[in-house]
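Input: structures, listed below.
Next come two complexes built around chain A: one with chain B, the other with chain C.
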Partner chain A sequence: MSTITLFSASDAIAAFLLAHIAYVFPAPVKGWITSGDVVLGLASLIFGVILLGASMINTIMLIWWERKLLGRFMDRRGAMHVGFAGLLQNFADGLKLFRKDTFRPSKADSLGFWMSPTAYMVTSVVIFGILPISTGWNGGSLPLTLLLALVIFSFAPLFIFLGAWASNNKYALIGGMRSAAQMIAYEVPILLAVVAVVVLSGSFNLTTIVLEQRNYWFWAPLFLALIVFLTGMLAEMERIPFDLPEAEAELVEGWNTEYGGMLFAFFMLADYVRYLVGSILVVLLFLGGWTLPTYVPSALTSFPLAGIFWFMVKAYLVFGGFVWVRASLPRIRTDQLLRLGWMRMVPLALLSVVLAALVVAAHCLPVLGCVPSMGG
Partner chain B sequence: MAEPAPSPPGEAPGTEEKPLLWVTRPLATAARQFAKSLWRPSTVIYPFERLEDPKFRGEVAVASGRPIGVGEIWDNYRGVHALNINTCISCNLCAFSCPDVCIEMVTVPGGDPKHPKKCPQIDYGKCSFCGFCSDACPEGCLSMTTRYELTAHKREEMVYSPAKMFEVYKSKLPMNPIRVERPKNEDQILLDPPICIGCNACARDCPTQCITMLDIPKTTPKPGEKVPKRIWKEPVINDSDCVRCGTCISVCPKDCLFWGTRQ
Partner chain C sequence: MSEMWVNMGPQHPMTHGLWNLRVRIEGEVIKDVEPEMGYLHRGIEKISEDRHYNEIITLMDRTCYVAGLAWEQLFIVAAEQALHITPPERAEYIRVLSAEFQRIASHIMWYAAFVQDIGLMTPFLYGMRDRDLILDLFQSYTGGRLTYEYMRVGGVRNDLPLGLTDRCRKVCDWLMDRFVEYDRLCLSSTPFHERCDGLGVLEAPEAIAYGVTGPMLRSAGSRRDLRKDRPYSVYDKLQFDVATATTADVTGRYLVRMEEMRQAVRIIRQCLDWLDDHPGPVMAAQLPRWLGAPYAPVGNEAYLLKRNYPTGVGFSMVEEPHGEAGAYIVNDGGEHPYRVKFRSPVLINIWASKRYLPGYRVADIPPIMGSVDVCVGECDR
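== the complex of A and B ==
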């Protein structure tokens, strides 16, 4: 595996740029510009820009992926004509939305109305800063990345509700209420499922969790937790079987009814950012992150950036699973949603925590190899 | 991804299935559809490929099950009208029957100056392709073809003159002569003789020339009664030639023609 890391890459870019910029300045300024602090600062900036750009492009590609997959599920072709196989269609759509007027209903509250799309977007994108994509390709290895990611992820209902309330529209308000209720209800099973993973891996650090899966991926012993996590993620993302907050047939467009143009694009993009984050979390927690099983020929894992490649392949496949669910299942009712959450998912998640504890207690699985001891 | 679905309240006990099936069965169906359309979805990428293209032969069948021929869409397709100007008798029935009032009778060359020949002109901006006009046409000269391309840059281009529809007729596209089987029309044109003034308007305007003005004997007025002011002729209608267009009724200045059944 290549030893380039995201930070070393941005550091190299920054040093290169600054060396060339410093060329035109006199000696004292030159020395200051090429000093470590300035390079470090610019490197951090470049690091952020790369992360932002990569996450945005991936998000837009995710929309393309969903449109193509949904098309096949419905016996159509999806986007086709702008760019190769419609790859640029979403950029064209974005451009169209960008050119549209953004306006605020006269009775809507100005601060909340403008703030919530931005805050929703920011809190969704910022998670990318801490998700490890491959060894070295993350924004610093904090000990509690998993918790931090989930905490940021669960900011969303606040801003959705804020935007819905500020819109001063009954449909938006109902949608916002539903969204908040649903997201809060499904936090519980999600966190319990995550607890199972944490028990098995002995760490809250996503990088450690991935590395702990070198012998076997966690989906096999924690299948129940995986199911709970996927269901909970579907509910958190408000995707189709759980898309009550924007049930088009009842609520016009749900909590973003009053948003148009670029503000709508913000919400939509942030939604897809969340889908991407959700898929990435599934890959990190249950599907071995950027690693592949050892029996895979090493040619497949040794080309440059192989880790990122396999990671994205897995993330897109997981999202493909979400699209599959969207193409198949009808929307469920609120009572069914809450009953499913509290009466099926929470017990299942508790059971999976117990299972994880048993696996750790047994220490060695007969076939799969030994589990590393806890603590870490 | 197979999360167990909740059991709905109020479900009849006999019809209840295993909740897991509610999730797995749609998933399986969707997966099957996905696999089926992975190679080629059934979308026809229209401007680039068309149903008429030979590569779709055998895939598309008409209602009877016969694979459709090259250039055909469906043999019962209701597209642009074809008009045979030569057999049109200018009876107006198509214009009368059009629910969208998109048919206007316009003069075409070929009639005599006193009695110009009129044929339908259709505004496809309004036409709903219902086929009523084609159904009403007594001569079978207005029928619908399989041509479906009507796009135009201006509204005026969507108005098809009789000559343009005659071109369509001459291009020999597959036609759908909509002719609903109807019970024989028993209604006939009847005359209220005392009111008729024998003005010849009906006979002049009858598109099928089935009205003949026959001489009738002059009546002798009873004492105190005024002699009707009339030319001593009366229309006699040949029922087998009459197409029931009603033109005679509408041109009659004295309203003495009416629908009815002859005893």
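== the complex of A and C ==
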């Protein structure tokens, strides 16, 4: 059985569709329509649509997952009434926001105000195109996927600050500045933690990084880097305890104070896209991606789409950890956050890079084994 | 960034009510604050001049909507003094029981709102869940969950239903367990201390100079508590300790309120034991006829009544959950008071924010103002 990839599936769909509409056209057009280039073009489009749909549905399910988990942490049930166990609640909420009037405050800058949510949304969703979900289920195996993903991920403060400034609102401005300061400060420890992974795996390609974790997952030797990465991701995602850019107690809603209706939905959806991407990055870099340890019975890994299944389970569990943190910690202050970032996270991240280098120097670890590319 | 004024209110998540805190900030540092009150002014003092004494009790519930029974008690103590009425002792114990339960409910409400201010969501829901138990108790003997209209001049409206004291004991046991949980959620978490320690410091001499009372004053080490210093009702027969802290900051106020809730449970348990052993009437026997009348007399009758009853002045001070509340009632012999004046502790506590807010950061405003326990209803009256 040849492995089905997302792209081969889209290719098959495109070829099937084109072959069935081609017969209505005269000969030259017919030949052109069924040619490889057109099929490839349509296949790319279908690929994109499937990816977008899947990521959007997953994002909305992530909101459901957070609501249910938070509910349980808080001794209540979360959404219950729309759909089974409230599964459709977020779709209903989205519909409500979609029907709401979208308006711009009269003193707000038009271009920045409209552009910010759109750009924030687009730059968040684009990352899904390059994240490998399972073998063959990605848009293309570029050599520098990891770097590209992090670069796109770090666009966000720019657009947040743009929207905050354009809103012409003091709360939004303060929130936007906090957001920019926080995100830029936490880029550094995140990148350093990623460097530790790169040192160990010898590659910037996410697929390769996952495959290098065949023998052991990287969280075991790089536990420090995992801690730094998780903390940094919390700050990048602007979640409690680092949600001070939108600290509702003092800044109303922070940088998106002036956004309502569908524009707010864009921000919120893009936020959850970023949460999902963050969780996925944790899974890819530290938790073995779609692979399971070798001692797991093969029945667990051999059913169709097992890779994607385990991958999503891991991603949702990681996000569950973020929700747990949200349920139990208060919000900290900007100066404390920045101090934590520069004084604690950066040294820890540097230490983890050194640890990774030591692991590489040792080639194989006593209990865990070896990284495949280093002779395992 | 240059200086700017930010309006935190009248509709702002920090305010917990309807008021406006104008803040002059430079970057994130607070330079000056200016509280603006009066958005919730309903003229309760003026309305009271046109109401029966027993009808004013309904206004008291609405004065502070989280501590209705405490304010009922405040008014009742002053009104009974003005009208020369002595309530039976059982009624006094029931009032103290109610007021202490109300104190716990109010402090839990404060806890829930306060932790929400520093970004903790879970304890908020825990607090609301546990407060509901107390509201259930209130409902079973007053009929109301928020506005009770339970106390009367000369006693209380009805005696406790059968079996209520046992239910109260169960709730007390449950609450004592929950207080441990509250402390574990807050005091044992480092971010909580980072957000609360050393913020909004108001030392005792300054607090007294500003007229700040209640947990805010006691958190600075002062042992002032009207229940001890100027005992009203039956507080002089009950054993309890005054909760104090020494840090005069947000954490100190947290500790004081937590300890006050434990002491309130202690008082409640004593009241319950007394109430079980001493059945009896809950209304005074000799009451003016019109005090029992549901509606104000009309026409000549009112004029006649005005001549027939003794005049007097009533003054009471009560340790309300937020601080020291005062009531002054002038009775000129009619069925309505001639003049009523209330002292709201929250108003004073908020006004002192000019002293304890500047110098801290914008992000510190919610915890500091949250630790004040703002109840705008009693503030604006």
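Methods note: the second predicted complex is superposed on the first by the 369 of 376 C-alpha atoms of A that agree within 3 Å, B and C clash if a C-alpha of one lies under 4 Å from a C-alpha of the other, contacts with A are read in each partner's own complex, and residues count from 1 in each chain.
Throughout what follows, a contact is a pair of C-beta atoms (placed from the backbone, for glycine too) under 8 Å apart; a residue touches a chain by one contact, two chains touch by 3 or more.
Keep in mind it's a predicted model, so treat the numbers as computed, not measured.
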Using the superposition on chain A, tell me whether chain B and chain C clash or fit.
clash
Look at A:77 in the shared chain and tell me whether it touches chain B only, chain C only, both, or neither; answer first, second, both or neither.
first
Just chain B (first), just chain C (second), both, or neither: which does A:344 touch?
first
Touching A:324, do we find chain B (first), chain C (second), both, or neither?
first
For A:334, decide between first (touching chain B), second (touching chain C), both and neither.
second
On the A-aligned overlay, A:283 touches which partner chain: chain B = first, chain C = second, or both, or neither?
neither
Touching A:227 in the superposition: chain B (first), chain C (second), both, neither?
first
Return first, second, both or neither, reflecting whether A:240 touches chain B, chain C, both chains, or no partner chain.
second
So, A:174: does it touch chain B (first), chain C (second), both, or neither?
second
Which region of chain B runs into chain C, 163-171, 181-189 or 199-207, after the two models are superposed?
181-189
Shared chain A contacts, counted only where both chain B and chain C touch the same residue
73-76, 327-330, 332, 335-336
So in the complex, which bits of chain C are touching chain A?
4, 6, 8, 12-14, 28, 115-122, 125-126, 129, 185, 189, 191-192, 194-195, 361-366, 370
Which residues of chain A touch chain C in the complex?
70, 73-76, 170-171, 174, 240-241, 243-244, 247-252, 326-336
Where on chain A does chain B make contact in their complex?
69, 71-77, 80, 227, 230-231, 321, 324-325, 327-330, 332, 335-336, 339-340, 343-345
In their shared complex, chain A is touched by residues of chain B numbered 1-6, 8-9, 23, 26-27, 29-31, 33-34, 36-38, 41-43, 45
